[in-house]
């Protein structure tokens, strides 16, 4: 982990630590920050897949849903301990990602995109149809909160938990990127041919990172279920998969932080669009199109380039 | 049973038209247009707007709808696709995705989330045929689809323009060298695909209604057909479209209607995983193509 | 008497109707510098792609130190000890020269996702070792000062040299160099000549595909000549130079750096 990553981490941690108290325990802001962390976790996993390994997944909300429904169903209908349900969700997501990933990651470009799209839709349909388990379109409620030794984690304590999980995964991801694994992924992205010639098993590497990103999503989904105490299939459909994709693209895939920035933008921005619900989808489309046309490297990289451009001109 | 078959053919017509649209753009540009479903949606909703709000007679409304959506498709190509033609694959995929979101957003803004109905083209009285009860609109759907298919086939096989487009698909460089403007071909292919989608939307709305977010599922199923038939093969797309329509109809009737959408999707996944060149494509040909 | 490091028997490769390689037999002995030459389209790069598992042969087999290579994937073959460079430089974009060479250490290291993510002890030591080895190879090829440069920002000549460093980092027993002199000026080519000899002195066997005849004649122990996918001559450089069939095959092409 480089020095500036470390600094950024501490600054954000400080902000998150202080903010709830500064905002007077306002539930609205706390919720917002919780969602930010949850989205950041998923976006982190997805950006490893898309940015470093160069693969695409248009159905990632499915894994969110698998985690969420695992936690939801097992804790409400089978009275399983939340932690056990959480772990089950991770294994289920990983397993499905493994099975789906193997044939899908072999596909080239567009085919892979559409296959993941199809997969996401199928999972969405399953959530809707397995009503006895999932509660169908009307959703699943009364999901118990996470608790440790009898203390339920809600509000501010949950906020701290979620951000702690995010930081842990962030550090894990940063470590990964600057390691043999990270280099291998970038190599596969750069030239699968040469990577193979250097001994990198490209299929295995791609599959591993796909499964990893599914695990991140599952973690986020489970936490989401316990936070809201209610989940419904609509949260895990195409629109959210696209939103996740947008987080990664808008934030930029050059660094691990891109996913975080994208998550921040797309979690906080809709709050400003609150009154303009009719415009919501339109705005998303317009934003995505603009970024792709004018800042395809993502906002983070775009800002960096503008900043270093200014520096150059200033130096003359 | 016959009932299911007719429903299947009806659905299949739509999937065939969408698949044809995919194939057309793919042949001209090598990209998959993820906004294809939105052309169908716009076709349906604009037609509703013309007929019900503006009270224009249906035939005229049909023409206007066709023109409007074709224009939208062409503009989309010029403004969003063309500037990015040398961008990375992920960017290209994202652009068509962004387009689809944008169209959906506009539709949601203009028409809200409710489904809309179109009156049938001709009479509303159900017909009895071979033990099945049919809405007459079904005959319109089948008839128009066959007409379109014939028209497209004629276009590609008999007209110079159509042949030029085929040439572009095979070898853009050679096409350029003999004076064919590849840019124009790409532009036209988007327009034609949009038109195909619009037709599909207009003819199916009297039967299945139309709402702002019908696009993605239609696109997926249409793409399913396009791949099943061998991406790049127009006759394959059409045949596969009907096949999937029938499969879906039978599945919905005989197995379960809740999972009916999943049937086409499952076919999609299976084809991609097992034989991406589809039923009628050859393996080598599919490897030569860009994707 | 040195062992046979690579034995190619009855190799054939057709693409549809096109026969790229027909009935090729080739033996490379350990410690040799063997060159494979021939007019463009003779099948030389195809041969490399076949050896390294990128393409499957239509017929024939490869024996590498007695191990059968047929059916192995390219990364498995790399792990066995065969490494290569590419005719069109295939460096990894968005990575520094050092990181590119460190990739060469991939098959000689083992930290997976868990060890890398949690930085278990052992992983850090392995990282340091990989880094040091990579720096050594960069130094061997004369690129040590440019270790932190973005790999694709190097001039073409240095990019080709970087690819060799990367291939060497895998600790190969056999290295395949695909037209390493293409794009190099005479001074760089002379340096390459010397480098290839030094590679051999490290105990690595070299197979060289080249168009630059001065390099080939200078450095090779043995030369095999391919034409239309078949071997038309094989022997020490001097003999090949005088071989009538070889000269005939090259007529219509300049024999020096086409």
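Each chain gets a letter, A, B and C, in the order it is written, and its residues are counted from 1.
Note that in this section a residue touches a chain if its C-beta (ideal position, glycine included) is under 8 Å from a C-beta of that chain, and two chains touch if they have at least 3 such contacts.
Predicted, not measured: the structure shown is a model, and the values here were computed from it.
S.K.: If we look at subunit A and subunit B, which chains touch each of them?
M.R.: Touches both subunit A and subunit B: nothing.
S.K.: Relative to the centroid of every protein C-alpha atom displayed, which chain's own C-alpha centroid is closest?
M.R.: The most central chain here turns out to be A.
S.K.: What's the chain with its C-alpha centre farthest out from subunit A?
M.R.: C
S.K.: When the centre of a chain is set as the mean of its C-alpha atoms, what distance in Å lies between subunit A and subunit B?
M.R.: Going by mean C-alpha positions, subunit A sits 32 Å from subunit B.
S.K.: Subunit A to subunit C: how many Å between their CA centres?
M.R.: Distance between chain centres, rounded to whole Å: 41 Å.
S.K.: Report the inter-centroid distance (CA atoms only) between subunit B and subunit C in whole Å.
M.R.: Computed value for the inter-centroid distance: 49 Å.
S.K.: Going by the contact rule at the top, pick out the subunit C residues touching subunit A in the complex.
M.R.: Where subunit C meets subunit A, its residues are 52-54, 73-75, 78-79, 83-84, 86, 90-95, 99, 102-107, 109, 111-113, 116-119, 123, 126-127, 130, 166-167, 170.
S.K.: In their shared complex, at which residues does subunit B touch subunit A?
M.R.: Residue positions touching the partner: 31-32, 34, 80, 83-84, 87-91, 93-95, 97-106, 108-109, 112, 216-217, 220, 223-224, 227, 256, 258-259, 261-262, 265-266, 268-269, 272-274, 276, 291.
S.K.: Provide the residue numbers of subunit A that touch subunit B in the complex, in ascending order.
M.R.: So the residues of subunit A in touch with subunit B come to 50, 54, 56, 58, 103-104, 107-111, 113-115, 117-119, 121-122, 125-126, 128-129, 238, 242, 245, 249, 278-286, 288-289, 292-293, 296.
S.K.: Could you list, by residue number, the parts of subunit A that touch subunit C in their complex?
M.R.: Listed in rising order, the residues are 172-173, 175-176, 179-184, 186-187, 190-191, 193-202, 208, 212, 254.
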